[in-house]
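In the two complexes that follow, subunit A is the common piece, with subunit B as its partner first and subunit C second.
Let's look at the complex of A and B:
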């Protein structure tokens, strides 16, 4: 009995399995080394540095919880937390709604490849270039955007130089750049929904909006949840647009957390304090991702 | 996402492994790496470098120029990554921090620069570059003051005699003759001047005075420093190395109320009009007709002398001194640049030789004759004045008279400069925008003083 059990399945000798492991390790190794060197090690070192006073040029000195105490008492930190959350909210709501609409239009109306390519084009523009271009377009005096607004007889809008406009403007710039990418992710999710569902819907005389509400959205949930997790994490790390377009101004109204961290580290050489704030950002992101994952049940699908 | 990052990380590993082991610190033996930020000065210093090479055939100078903003981040990265130059152009606002970070070599300890004498330079310049330990960290290369640049055409159109600008005075109550002129030079969209009835301050075409922002980055150097100082105000208790700040004093707060009040009257462009955080300077504001005149520094002389209008026709720009204040005197910030040797340099003695050469007579005369800045040596300064007179038909004595008449005050040199800027900039922006009252600077002053109370 025992003999037949080992020989019967496809004549696979046990030795070959060991070969597989080696080969697998070989394939995993570059990624694993990269992960350890560029992800795990910097994270651990960053956490260590958050308990030190460090200016990068002289050795770090351990100072316990000083950085964290300072962080809790720092009004600029709390302000940048508020600004960041505000940005994420505007950015994610706009981006997800528009991306969903674009994806559904692509799915239901046309499936031309060039259209998909066109939707993705802004994503191919680097963040810095996008920020520069919009900085010029939206310039209060000379930008073509404001020139058009003035030509229409309206008052010029200080898009990037008033505290009320600056965060919505930066959020909109980044929506422009990322919406195509998000739409494609959602579009891929839409394609996993069987066409038969829609056929059944049509047979029952459901309208397009009704099918969107009762078929598309529920079945898209796991993909949408994943997209949200990715975009929210990315959105929290907004930096380049702020660094190029406003440098945190006017006053502190666009001083998002990542920019404040950068400023403290590379402008003021306080790498210990900057690390402490980075750890705080890490914690916030871990909590948000965890909650999102649980609330949206991203790991289960209603398709079965 | 994770997979994408992993793949990228793996790819990076390979790239880095192959890319490592390239750049080192400074130049190879015999080539001295030298950095500066002002592209206008590069041709002049290239001449110096050539002259230096003739004197020292075994030594070469390689000059790299980076714009002001990227200059400092590149330098910082260079110190960290061991790719900093041997010698670089240093600024008073930054050098204290670099001394604290131990990246500057004391020039007294290097043979060629050990005998630099304070008396060879314009009074007070060389002393600014000594650290709290009394050692010299920079060899003075040039100096600057501020003055009023104006468009002669704007004055003619307003029927103002340019001679009038030589004796303007101001005070924080009604702005004096200075504010009268600024008001008169301001024109709204309908062509009504700022001092005429029916002036619409919300739709101004040309402002009387240009704005270079709130001035948080350099103690209002080209914004309000000339006014505050002529009202008798000083930034710190002593300079250099002050530890107590005076932002709570009425002399400053009254000056700023008046200065930023010009914006509410339509005489000064708003924060939004000059482009917010990415603001355009006085030169561009005069060029584009947003402003008729404005305060700017002597390092901008050559830029102003080349300004053209939309049709490519040269603008006729002239210079007037800063107005006389309540103390009965004018005032201008007196700032200067110097060359510093980095501790990362592998050939400090050679680097010092180059620094010594740049601070010497031969090079400074060459710089004076190129007419971009005022060299630190008095003799070379005279050459620069003569160059501007003959080559540009420009009288630059409003800059130099401030030094002659001793109406200058020195740039406030302190430790913690980066922290001070980080605190100062947003708060002054808020005052400029009008979202905070000038009295909020009293709180800011306490914060600045606290910076020096905690042991650093």
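Let's look at the complex of A and C:
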């Protein structure tokens, strides 16, 4: 470091005027511009556009609540909402249960980095990559998944081409990519539970399942609550996997909300209506976050 | 802007994670432990098998895949898939091998992905660090109010701003450019500012005061003292940012229309839609998929420990 700590008597120490306003403005200027231009302004604009008719080529025309009226009456919108909620449900239940088991087992078996690295690997690739590889693995005729199923003497499953299987399959593909990340978050939460609790439990002769129920679960609750809020909000925004693997099909059975919004905006250039549906999604997310926060009491811990 | 809003929740600090010495692991043998290990082995196999399968398929001859769908090794090993991905096969040759025959050059997309990810990572981390320093160490009016305002940004789901941001990028004339893809996340994310501020707050003030008394300006303190002392959290943040930008699909899909600005994720989708609908070129598709995934897998190999340990809770909002 080029700064020496020797004092130079000829220089008076800086006076007590501790106001760096000008410098601070300079320092936050790029971030502030980014924040205002690409976060605050688009948020307000998105809400404004939802009250307009806008095709991107001519200026937006204010049309009041038309988009919202249309939305409420649009069966495709409601179908998308239903499909999305179904997806989120399957995705979150599967992911949380598996992640919890992985985290607890890592805690009890071994804490080696390589193990955590192995389960995290799928998280390193994009949703697009995940969708591509499972499109191939689950291919009806040639996929190794269906080859295996046929070899076991069962009927081949049209994973991504039947309306009954498509959403659970997409949910499972995304579980594959995200479960390691979620498990490591929960694992980090487990590390905050003092080992002495388990020692005490063991002294009292408690079995592992008993300790899981009476020590791990209650003490992990705030962490689980946060994990759930993060993963549910993320899950509602599903798009990539659907766009690559099914394009919303068969028919509309995997047309999740975000894919429908994209379709309306870029397929039909109805940016006003697309914005209205985005606002609806935003509202749903805000409400869900709020409810989850209250129900799970994410802000309080039982550790004290 | 990533589809997973989960911010890279991160443990900061130049010191390694708190627990370097694990408590002794219980070494009892029992049916429970055997089941537990069996489950873990299954999880690991499930996590890693698809990667092997990409490689196995990419190295097979596409036309042989139909007969050899149950072979665990490459069927009629061939570089054909990779040759099609990098545009090394002539159109007719590619069609004969089961490909689409359209010229495609993944080097271009690889280059685009590197440019976008680098622009965003360097810009975002640097500008967020500057802002974080202002929020952590400079004295100015309404500092806390501004910071709360910034944090409010965490509440906005990334996906909500995509449409209006696209409109803005279009008005700026940046559609179908790499800068257009990078710009919205190049200047900051609330999480990066929050994360770095947390770390800067933890740096001892005394060193800083000494430098100030010595006549150094605050700008100099930031560049010569704060930044060098924060290389660990900055590196962690940079790696996580790079990965999430590299994997971004939705936003890039909106902005890019031609090869000029297609990044790997988008190109992969296009490549997939070009492949013959009946009898897709799986060897070529898996080669492309592997090429798109490989850079991040290599990055992971190099920084595995840092990435794995960065996932925790001490930095959560």
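Everything that follows uses one rule, which is that the second predicted complex is superposed on the first by the 269 of 304 C-alpha atoms of A that agree within 3 Å, B and C clash if a C-alpha of one lies under 4 Å from a C-alpha of the other, contacts with A are read in each partner's own complex, and residues count from 1 in each chain.
Please note the rule applied: contacts are C-beta pairs under 8 Å (C-beta built on N, C-alpha and C of every residue); 3 or more make two chains touch, one makes a residue touch a chain.
The structure presented is a predicted model; accordingly, all values stated were derived computationally and were not measured.
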Check your understanding: Who does A:162 touch here: subunit B (first), subunit C (second), both, or neither?
Key -> first
Practice item. Have a look at where A:37 lands relative to subunit B and subunit C in the superposition and call it first, second, both or neither. Key: both
Exercise for review: Check the residue A:287 against both partner chains and state whether it touches subunit B (first), subunit C (second), both, or neither.
Suggested key: neither
Check your understanding: A:46 contacts which: subunit B (first), subunit C (second), both, neither?
Key -> second
Exercise for review: Could you figure out whether subunit B or subunit C reaches more residues of subunit A?
Suggested key: C
Review point. Of the partners subunit B and subunit C, which touch A:65 in the superposed model: first, second, both, neither?
Key: neither
Check your understanding: First (subunit B), second (subunit C), both or neither: which does A:249 touch?
Key -> first
Review point. After superposition on the shared chain, which partner residues are touched by A:230: those of subunit B (first), subunit C (second), both, or neither?
Key: both
Exercise for review: Name the contact category of A:266: first (subunit B only), second (subunit C only), both, or neither.
Suggested key: both
Check your understanding: For A:23, is the partner it touches subunit B (first), subunit C (second), both, or none of the two (neither)?
Key -> second
Check your understanding: Common interface residues of subunit A with subunit B and subunit C?
Key -> 30-31, 33-35, 37-39, 56, 135, 139, 141-142, 230, 233, 266
**Study point:** subunit A residues within the subunit B interface of the complex
**Key:** 30-31, 33-35, 37-39, 55-58, 135, 139-142, 156, 158, 160-163, 230, 233, 245-252, 255, 263-264, 266-269
Review point. In their shared complex, at which residues does subunit A touch subunit C?
Key: 1-8, 11, 13-14, 18-21, 23-25, 27-28, 30-35, 37-43, 45-46, 49, 56, 98, 101-102, 105-106, 108-111, 113, 115-122, 124-130, 132-137, 139, 141-144, 147, 151, 176, 178, 180-181, 184-185, 188-189, 191-192, 195, 208, 223, 226, 230-231, 233-234, 237-240, 243-244, 258, 261-262, 265-266, 271, 274-275, 278-279, 281-282, 285-286
Check your understanding: Which residues, counting only subunit B, touch subunit A once they are in their complex?
Key -> 1, 5-14, 73, 76, 79-80, 97, 101-103, 271-273, 275-278, 288, 290, 418-419, 422, 426-427, 429-430, 433, 435
Review point. Considering the complex alone, what residue numbers of subunit C touch subunit A?
Key: 3-7, 9, 11, 19, 22-23, 25-26, 32-33, 36-37, 39-40, 43-44, 46-48, 50-51, 53-54, 57, 65-66, 69-70, 127-128, 130-131, 133-135, 138-141, 143, 146, 150, 153, 155-161, 163-165, 167-168, 170, 183-188, 190, 193, 210-216, 218-220, 222, 224-225, 228, 243, 246-250, 253-254, 265, 268-269, 272, 282, 285-286, 288-289, 292-293, 296-297, 299-300, 304-305, 307-309, 311-313, 316
